[in-house]
Each structure stands twice: as C-alpha cells, then as structure tokens.
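Per-chain numbering from 1; labels A, B, C and D assigned in written order.
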Amino acid sequence: MDIRRYTILIHCPDQKGIIAGVTDFIHKSKGNIEYIDQYVDRTHNHFFMRIEVAFDHKQFFWSGFQEEMNSQLGRPYNMQLEFYDQAQTPKMAVFISKYDHCLYDLLALQQSGKLNCEIPFVLSNHTDLKFIADQFNIPFIHVPVDPADKQKAAQKQLELLAEHQVDFVVLARYMQIIHPEVIEAYPSKIINIHHSFLPAFPGAKPYHTAYDRGVKIIGATSHYVTEELDAGPIIEQDVVRVSHAHEVQDFIRLGRDLERLVLMRAVELHTKRKVLVMNNKTVVFT
Amino acid sequence: MDIRRYTILIHCPDQKGIIAGVTDFIHKSKGNIEYIDQYVDRTHNHFFMRIEVAFDHKQFFWSGFQEEMNSQLGRPYNMQLEFYDQAQTPKMAVFISKYDHCLYDLLALQQSGKLNCEIPFVLSNHTDLKFIADQFNIPFIHVPVDPADKQKAAQKQLELLAEHQVDFVVLARYMQIIHPEVIEAYPSKIINIHHSFLPAFPGAKPYHTAYDRGVKIIGATSHYVTEELDAGPIIEQDVVRVSHAHEVQDFIRLGRDLERLVLMRAVELHTKRKVLVMNNKTVVFT
Amino acid sequence: MDIRRYTILIHCPDQKGIIAGVTDFIHKSKGNIEYIDQYVDRTHNHFFMRIEVAFDHKQFFWSGFQEEMNSQLGRPYNMQLEFYDQAQTPKMAVFISKYDHCLYDLLALQQSGKLNCEIPFVLSNHTDLKFIADQFNIPFIHVPVDPADKQKAAQKQLELLAEHQVDFVVLARYMQIIHPEVIEAYPSKIINIHHSFLPAFPGAKPYHTAYDRGVKIIGATSHYVTEELDAGPIIEQDVVRVSHAHEVQDFIRLGRDLERLVLMRAVELHTKRKVLVMNNKTVVFT
Amino acid sequence: MDIRRYTILIHCPDQKGIIAGVTDFIHKSKGNIEYIDQYVDRTHNHFFMRIEVAFDHKQFFWSGFQEEMNSQLGRPYNMQLEFYDQAQTPKMAVFISKYDHCLYDLLALQQSGKLNCEIPFVLSNHTDLKFIADQFNIPFIHVPVDPADKQKAAQKQLELLAEHQVDFVVLARYMQIIHPEVIEAYPSKIINIHHSFLPAFPGAKPYHTAYDRGVKIIGATSHYVTEELDAGPIIEQDVVRVSHAHEVQDFIRLGRDLERLVLMRAVELHTKRKVLVMNNKTVVFT
C-alpha cells in the first residue's frame, strides 16, 4: 500500500444528515477518516468540519475525488470545500521592519524543520535585519514604503508574492499598514501579530496605553488581516500577568515572549489547515 | 414535535468505517446528531466517541433504540456503549470532613441550579460542618469511622448509597481513605480532589512538602478514586503561581480556590457525561 | 510582652533618604518592621511604601506614634500616611441585584472566617436573593431604585453606610450605576467586579460583545468605582481561555468563576490594606 | 555627576533593626537606594535583601565601600554579602547536546542585546548543532564524553570554564549528567532546564511518563544543578494545558516552548542577580 494523507475543510449551512453524508461518501471512496472535527455555530446555523483522510494512492485519483465530492456533496449541501494534499509544503513570506524576536523564531523553527513551510523570502521596509536573514540563508528583499506613494510598494509586494507562489504571509511586527489591494488578493492568508489583548488597545503603542490604564494583565493577539485595522478574525491570543512594578519597558520585554509564542502558534495552526474563517471569526480545531 | 435529547458514549477497538457506521445508524433511526466528539488513541488503537442526539419522542422508543444499537453496532464492533437520557438528573452524594470550601461551592452551585444534579445527602465522619448542610436544607448524615473497624463505616456508606440510588460520590476534602469495597461498587463514580499537582506530592500534607521543595507553582487535581491512593484517572488539574514569599499558610489559602475550581469543573464534566475512562486515563470531551 | 501589629501605608514624592528615614524612625520608636514593601513610580517620581510593624503594647501609644510620625516625617516629606490597627476588623457592605455567585462566595468566606471583615448588611434593589442572606444570617435591606428619582436610593444608601459605620462597599454584580454622591463619599472604597477584561468591553453585555468579536480569552476585572463607568483603578484581573465552540452561555458560565475569584482576591487585598491608589492606578503589594 | 549602579545581595539570620541598619549605612555612604527588596523566611528566621544603589562615582570607591560594609554590618550581623557592579557583563557558557530550541533562543537573545551577558563558547558532547553556533559567530567546542572515563570530559570542562573566566553555565538540554567536581566548582552557577514540572517526573523521558499518567497539564522547571539529580533549588517553572488528544509527540512539541521560556526567564533572573539560594530553595526578587 502507498498511503497518502489529505486534509479537507468543509463549511455550509447546517442541515440534517450532513455528518452521515460526508463520512459515508468518504467510506465508499475507500478513504479512512483518521481525524474528524466538527462544529455547529448555532447562532448562525452554520456547519464546520475538518477531516484528515488516508487513501491508498495506488487505486486513488485525488483530483477525481475532489470533483466527485464537489458534485455529490458540495453542490447539494451548498458547501465551501477546501482540499489539501499533506505532502505539499506551503510557502510563507515574512514581512518585517525593525523588531527581530518574531523573525528569529520563525527562521529558527523553519530551519529546524518544526514549521511545515518554505520561506521563499523575507521582505522589509528597512535593511536593519538583513543580517539575520543572511545568517539563516533566506533571501532578503528590501521594499521601502514611500509615504507619498504607498501603491508602489504594494505593487512590488504583489509581484513578489505571485512570482514566488506564496501561499500566505506572516507580518512579524511589520510596522506598515498593508495596502487594501494586497489584503484583497490574500483573504485569510495574511497573519498579523498585534501586541495587545485585542480589542483592548488597538493601533499604535499598545504597551504604553496599557501601562497608562494600569492593567494587571497584558496580551498579544494573532489575527488575519482585514481592511479594518486590528479588527480581523482572531486566531490566537495569550496573556501574561504584570504589576504596578512593571514599567513600560517591562511590558515591552514581557510582551516580546507573548508575541512570538502567539504568532508561532497561529502560524502553526494555519500551516496545519486547522483554521476556518466566517463572519470575521475563526473556527480553530486543535 | 416533542424533541428529547440523549447522550451516547462509545468506545471500542479502532477500526475502519466506524464513524460512518454510527452516524449512518443514527441517521436511519431518524435521530439528529447535534454534537459529535471523537478521538482515537493511536497508542492503544482505541476509539472513543460522544454523541448528543435529538429524537422526536412521538415516533421513538428509547429502550428499543438502545437494544437495536447494541445489536447492530455494539456486538459487531465490540463496543462499550453507555446511554443517558438528558432529562434524568443524576444523584450526587457529598462526603466531607472538616474543610468547608468545596462543600460551600457544591451546595451553592446546586441550589442555584447551575449543577445538574440532586444531592440526597451530605455524609461526614465529623459533625463540624452539619450547620452548613442545614443552612442549605440538605440532609446531613454522620458516619464516624472507627480506626479499629473501618469495614463498618464502609458498610453504612454502601447502604446509604444504595438506599438513595446515588449515581456518583464527590469527596469534597474527605480525609478518610475510601474502603476498597466502596471503590469497587462505584468504579469511575467517586470523584476526589487532591490538593497537589499529581503525581507530585501524593498522600498527606502536600502543601507542606511543596513548600519544602521550593516549587514556584502549586496545583490541585481531581481524579476518580481507584484502589491505589491518589493514582486514579485524572479528570482535571489546575495550578497557581507561588513565590518564596508565600508560607505554607499561603499555599493552603491559595490552594483552596484551586481545589474548589478544579473539583467543580470535574463534577460538571461528570454530570454532563463528558468523561470516558480507559487504561487509568480519561478522555474528556470539552 | 503584649505584641500588637499595625499596618502603615505611605506615599509621597520620591526623594533621597526616604527609606532610611522611615525605617530609622520606626526603629527608634522600638517598633520591629516585619514586612516592608516599597515601590517607586519613576514615571511620576512618586514613592509608595507599606509596612507591617510590631510594637510591645505595654510601652506604646498608637495615637501618639501616629502624631509623631506625621510630624517628624509626614510633613517634611509631604507624605500621605494611613495607619491601621490590625486588630480592628473592617466593615463591608455588599450590594447585589439578581446574580448570586459572588454573593455566595463573599458570605461563605466571611462565615468561615477566611475574610477579615464584618458584614453589617446586604443591600439589593431586588428581593430575589434575600433568602441567601437569610441563610447566612446577614441582615438584608431592600433599597429599590426609582429610575425617575435615583437620588432617593442614593440618600438611603448613604444613610445606611453611615449608620453602620461601613468601611467599604463591594458591588457583587450590582446592576445599577452608583450615584456620584455615594462615589464621592467613599473614594477608593467601593469595589466593583466587571465581567470583562477591561478596557475591552466596558458597559453592558460584555460577554455578548466578546462572543461577537471572536476573542479566544475572556476576563474579569475588579476595580475601584470612579465617576467614569468601568474606568476606575484596576485592583485585579484574570482570564480564562475560550474557543469557537463556546457559545455566549458558556462565556457567562466560565466567566462566573472568574468573577468570583477576581472579586474575592480584590476584597482580600483591600481588607489587608495592600492596595494604594494614585493617578487612577493601583499599587498592589502582594 | 557620574552615576554608577551596583547590586548588593544580603542574607543573614533575622534580627531586629537590620533594615534600618543597612539603609542607614548606605545613606551615610551617600548612596541612593533605587530598589529594595526584602524577605524574611519565618520558618528558618532568615533575612534576605537585594538592593540596587546608585553612587556618584567621582567621590566613591567601590572596593572601599565593600570593605566598610563587610566590617560595619557583615561581621556584626553575620551577613553573607555579594557585591556586583552593574557595568560588568557576566560570562555565560552554554552546554548542549542535540536539541536546538533553547540554543536558538539563547543565541538570538544575546545577539540582539536582550540578555546581559557574553557567550565565550558553546560546548557540546556532539557536533550536530555546531552550524548554529557558527551561524551566530560563537565559538563551538566539542567535548565528547567517554562513558568509561567521564572524569576526562569534566577536567576539560573545568579548564575551559576557568580559561574563559566563565561566571555561570547554562545547560540548554545538555543530555549528560554534570560531574560532581564541576558542580562543586560552580555552586548555584549551573542552570539546568528540566522538561517536567518537578518534582513530578524527574529523570529521563518525562514527557513519556507524563503521557502515561494522563496528566492534564505539563510543565518545565529551571533549577540550579546540585549533586542529586533534578533536585536542586528551583528558579522558575511554568506549565501548559494538555488533553487526552495530545500524543507524546504533542507533549514534546508543546513542552519545547515551555522549556525555552522558562530557561530564558531563569537565565535573565540570574544575570540580573535576582536569585538568592539557601536551604536548597531560591528567593527570587522580581
């Protein structure tokens, strides 16, 4: 046998018999369901499912299966279906500015094989951190952003993403607002890390405003980028306790570890196809 | 329509087609699966499933369904099946000694309708806390334990549990070891709270030994009681940070909140039939 | 010897030699400093200190000591000084509406001697929870709030607080806005529990808005009440992880445990005189 | 003015007037105390203090001050005193085997200036990770351990540590037991990361035993190395929640992030001289 594994993401309006329908179809296609996660959003009566399925490749045509599933289940149930071959490694572009901690983590994890992705390039609006990309042997591309013509940088970004067939983008403390055209071209495919517990403290300098408010806990939030700033679907959040004795510099220092942890988890969830998006919220199967 | 809801717990050796088999059977029985949780223990190749299913009571016989499912699926797949009618409220006995915090929580939660159970009685080897049971209008039964004849108390306990048709027992800091005969009569039905992060610090005075060891975090563990002390399947654990500045009395004070939280969560999980036990471990569907 | 213990809270503009000045003064007064906590807010150059000191009562006059300290240190250093005799139990009034979980916790903790305070009365704008106060033998006072004349309830509240010499008020999910006159009369003495991670989700229905935003963590915040709603100095916060699978009702259920824990911790900190307030922030010595 | 900052660590048997004595001495020496942390272990009646003090260097002799303090306070109070000039960067050696995650973190933090130390060399009993040290331009030294003659490697280690004037050693998942002679030469100066919540699961393969026990939370512990394996004074611990659905591989994956976080925090505390050791326990001023 030549076993190959695939991931299928499904969502559709909830309706009776849908689980039986899907599992029965896969069973008849000689697939073995290894994991099944399912969730019904009862507020919107919407159904979500993630399946990992193994097939014996010798007697199996992946593209034929997709077509058949779309036709027998997708259309009748009005399903959104996504099919992923687990053998295909996604391509991740990393955008940075001047903060290095998330960059180090992404490159180290990827280099050691713990993050299932390739990194075709690191892009920055500055050149300060080029030496780190060099250190890890990842191409570094400098795309400065002209405040008077932001469209120009966006075009360059789109060209690079297309040229390298990038699957998703990680903003590792990239300090520029992403252009709407780029956002539109990569829906639910641009992952940001914001250094606060959103929706508290959106926008600039969240550690400073958190300090001024006297909070006892600070957080970090990873989310997909949408047009509204810091308002996209949240993938992952985490927090750390602070006290009056911590100054802004301590918030920043403690927050750094949060940011990299939360971003790494979000990127890992994304590469494992464990995140579905609807109504500006995520369903995260863990 | 007269919709009624049931919970079905299933576990059996893992085998191909099992999810499709179960969902198909329920679909054909005109049940609507509202929640499905599933897990495969790949170390032991064992399959676990929890289903919440709704039936239109008018055309449905619950006992007939159970029989049919046992015959069509249970035997062929070698399944352990448990069937629960969600309309039936389980009966919980509470055993205590002299600590009051878990008792207050159980009685307050139950009184306010937040814990889906009845409490036929509170049992204690002391009378110190009788006034609390009185306050909440719950019968209090004093069953002293004679160190020279522990069998006697065990017999009395078994009689009371049988007489009141108790479904499960909660040891809310009950300071006596449960007699093996009682344990045997209520397998995976006696819930204990141990005041440490097991397996660290089993046995007596865990806060003192944790203090002596200089740990930076203390914990509490709720588990089903088995013959080996503090070694039963763990249902829930939680921890709280401590420092050198905390003395043993602070460990005890901070631990109290942990104990009641962890125990309440375990009891709630148990009453919702979300816990399956195998190989001295739990599968907890949340 | 007849040892008695006192707590002294100090804050003043930061200046050189202040710690030596205070410790030296107490040493010369034959006091033994058992705990000293100190903090300098370098943003505002402000100094905070909390001292627990033991005196042999036989040779010691507490009021004389206070006078002397005010004169020798308070005036020269421009200090705010608060003196507390640890033998005096503070009086806490509890305001509630229809939610019972924080009330149960406060009454149970106080009844079991774990909260160092007396409860002269429970006040509510409803009568639903009178039975719980009765159960714990605490006087219950019904003070309805007339939407057309809120001043009237405020006057009644002020009279009751004065008559019973209440030291501080705990709003245990009291669903009315406190009248500015009451707030002004009890500055940094009214403790509220808000069911969100402030400053996220202030105001009404925070669990619903948190659910709509798709957060992965929810929180609770205890703070002193100031005129601006949910914007007073934060005493304590805590959080719990949620997922897409939790509906609003689950947020409310999980939040309940947070609310009571966070409120109990804040009340305990307050009764132990561990909280100082300045610039709408707290210094919490733990 | 030429302000320089120093850290002083003090511990001694507790006695009356000690805080006043120390603060007064520093005040008279024209030092300004910027931070003071103090703790009394009431079980052993032992006093601990950490002071950060600023002096105007022009009129100040650091070695003279140390002598004077030893003579005026150290001897009379039977104090252990440690003096650190904050301008001196400590030297840290890193010992590794084949796991890379802690190494990446240490090198990245140090390279970016966030860890106040120099790294004279990375030492390993294997050569697998040499490329990472190369990448960060840190000398890599291969010291294999001959199972038949462990003394030989220990001698080599001691020579290297002495030659490079190493102040402390970090075992970043170094998979060899440190030789007693090395431990003796560097008391409270060898920091280990153990991949469990000690004292649960000491020794080899803690993730496997934790998995077998069915715990719901796993942890990591950083401690100073003493002769008894995994039994030294704990500096820092942290935990992460797991469930039945996590296999051993998931424990290892989740634990990796814990290990690096906990180790980084411990190393940072050590470099900031915030850790005092006594009776196999730490006092950690944060």
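Everything below uses one rule, namely that contacts are C-beta pairs under 8 Å (C-beta built on N, C-alpha and C of every residue); 3 or more make two chains touch, one makes a residue touch a chain.
Everything quoted here is computed from the prediction, not taken from an experiment.
Enquirer: Compare the contact pairs of A-C with each of B-D, A-B or C-D and report the one sharing over half of them by residue number.
Expert: More than half of its contact pairs match A-C, so it is B-D.
Enquirer: To test your reading of the model: what rotation angle superimposes chain A on chain B by C-alpha positions, in degrees to the nearest 5?
Expert: Angle of rotation between the two copies: 180 degrees.
Enquirer: Starting from the mean Cα coordinates of chain A and chain D, work out the distance between those two points in Å.
Expert: Distance between chain centres, rounded to whole Å: 36 Å.
Enquirer: So what's the Cα centroid distance for chain B and chain D, whole Å?
Expert: Result: the chain centres lie 42 Å from each other.
Enquirer: For chain D, jot down the residues that touch at least 2 other chains.
Expert: 245, 286
Enquirer: Could you list, by residue number, the parts of chain A that touch chain B in their complex?
Expert: It is residues 16-17, 19-20, 23-24, 26-27, 32-36, 38, 40, 241 of chain A that touch chain B.
Enquirer: Where on chain B does chain C make contact in their complex?
Expert: 100-101, 104-105, 108, 112, 114, 135-136, 245, 253, 256-257, 261, 264, 286
Enquirer: Chain D touches which residues of chain B in the complex?
Expert: 39, 41-43, 197-201, 213-217, 219, 233-239, 243-245, 247, 280-284, 286
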